[in-house]
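I'd like to ask some things about the structure below.
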């Protein structure tokens, strides 16, 4: 199985981070990219809270949660100012990028199109060497997401250390 | 870090399996041991449904879910006949053992005491080489449990195959 | 519309009350009769917690919650001793009666048959003059149950006081 | 107990209704006024879904659910165009009014101030003769809300009909 590198992110603005993040700079870490729209009910009720739980519970693991505001409809009422209020009111603390608006009248933003996303919410899991390992549209079960993250973290740590000894489980209840 | 082997299971009866299971026979697989009592509210509302979800979602992975009925109180109303009805009514399909009653008047059953469990529900995760890697009393978050299982499965597959290539995520949404 | 009087209760034992209750003695109060079996999953996950919420939230209203253990299957493992443990473990505080076992080999207990219940859980609402006003098998939505109780309480208070003034809402958030 | 009439509503725009509603025109019906802001998390997760359940379950009862968008912060990103998208995406079908913006620099809109609301979400229950009978800020339990609505509906029907016979429960499971 040969996997291509995950597409680079094209963004117009970042929140909750002093400077923008790139996949290259995150090499060595597992990345959970959470694509959402602030007025998408499934994102608000399921996706955002799940991303917040991951950011909190994997705080000590080599996992980075990144939000991506992929507005593909109702652009005029989901601009950056509205997003800023949304992130404040919902207490979203992880870094969030605004996806670069499509050019030439394309309603889909650039990164959303590059990843071939079908809608929001979409979660993309990118491994420590920068490849897309999972792309899930809609509800993503906690057990499954936890398992996928655990698998990728184990891979990342194995690659780093080639340990002969037993690794400690990265998360404990 | 050096870990001892998980204690063997002492059981008086099995349900949902033609013959009893042993840790030795499960070598090579990750084991989720779910210790419960049929009249323990936390077991019924949280532990049992979670174990059922794991059994279902990890059906294709090298993971075995085993229930252990560790009766340490109200022994007279939680005997094997009552347990059989409980398993039927709650549609529990994975193998379930009755923990061997303590001898000499010990209210704690044998396996429960051997693992040093503090009560029910308790989840014990045993890795593919037979060692206890996690023991959690009370609520065990789905994200954390999924991550821990994913980590142990990744270890098990690495040990089996020493693959040079990328493994497929074992669970997909 | 003419309604018959609710059938009297035939019981073999009571818990959580110094002496047994009767519909006659409860005249003037709205009665929520909750028929359940201790090993019925829908009763345990939905019915019992709902009855507990009603007992708590309507503590100051003329509403009495009564449990009725209507065992119609697996009689040998749901006897009074097992029920006593169940009520203790699940912290059920409202009065609970054991329905009188059917005679002549009838698997259905006497009160269950008298009310024509189809299974468990079943909620029966009896008004302040002793008539069945609602009988619901299965899940009973909180909003609907609240409305039905509110209606019957309003009726009861109107009959009592024939007030010319506005009544205070009996429950406030 | 003497109650004043509920303040009239001052609104700048209506959605989901051919023409604006007034309390006078709703005389004879129980009104559930749900004050919210589209970017208020408690409104989105709790208040709006609850108002939708009431609108659905009390469709045949003399109950009218009315939403009131009481923007008191972040006015620039919660204007009527954004609200229109919100109502569409969340499938809100009941009538919704935009509260009249405060004058003279008042951040609180007019109706919100007239009712003395403390924030969002707030539910106001107005009886069939136009008086405020309940005003609840924050989470409003389904059982309690159902009971309060049932009480007011019973009052309304009693006043209408002065029936000597038993009324049918307005909602059945």
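A few comments on the model shown:
Here the chain labels run A, B, C and D in written order, and each chain numbers its own residues starting at 1.
Definition applied: a contact is a pair of C-beta atoms (placed from the backbone, for glycine too) under 8 Å apart; a residue touches a chain by one contact, two chains touch by 3 or more.
Bear in mind that the values here come from a model prediction, so they are computed numbers and not experimental data.
Looking at subunit A and subunit D, no chain is in contact with each of them. Counting the residue numbers used at the interface between subunit B and subunit C, over half appear in both copies, so the two copies meet with largely the same residues. Ranked by how far their CA centres sit from the centre of subunit A, the chains are topped by C.
In terms of their C-alpha centroids, the spacing between subunit C and subunit D amounts to 33 Å. Averaged Cα coordinates give subunit A a centre that lies 50 Å from the centre of subunit C.
For the pair subunit B and subunit C, the distance between C-alpha centroids works out to 38 Å.
Among the residues of subunit C, none is found touching two or more other chains.
Those residues of subunit A lying in contact with subunit D across their complex are 39-41, 44-45, 74, 76-79, 81-82, 85-86, 89-90.
Here subunit A touches subunit B in the complex through residues 1, 3, 53-54, 57-58, 125, 127, 131, 133-134, 136, 138-155, 158, 165-173, going by the rule given at the top.
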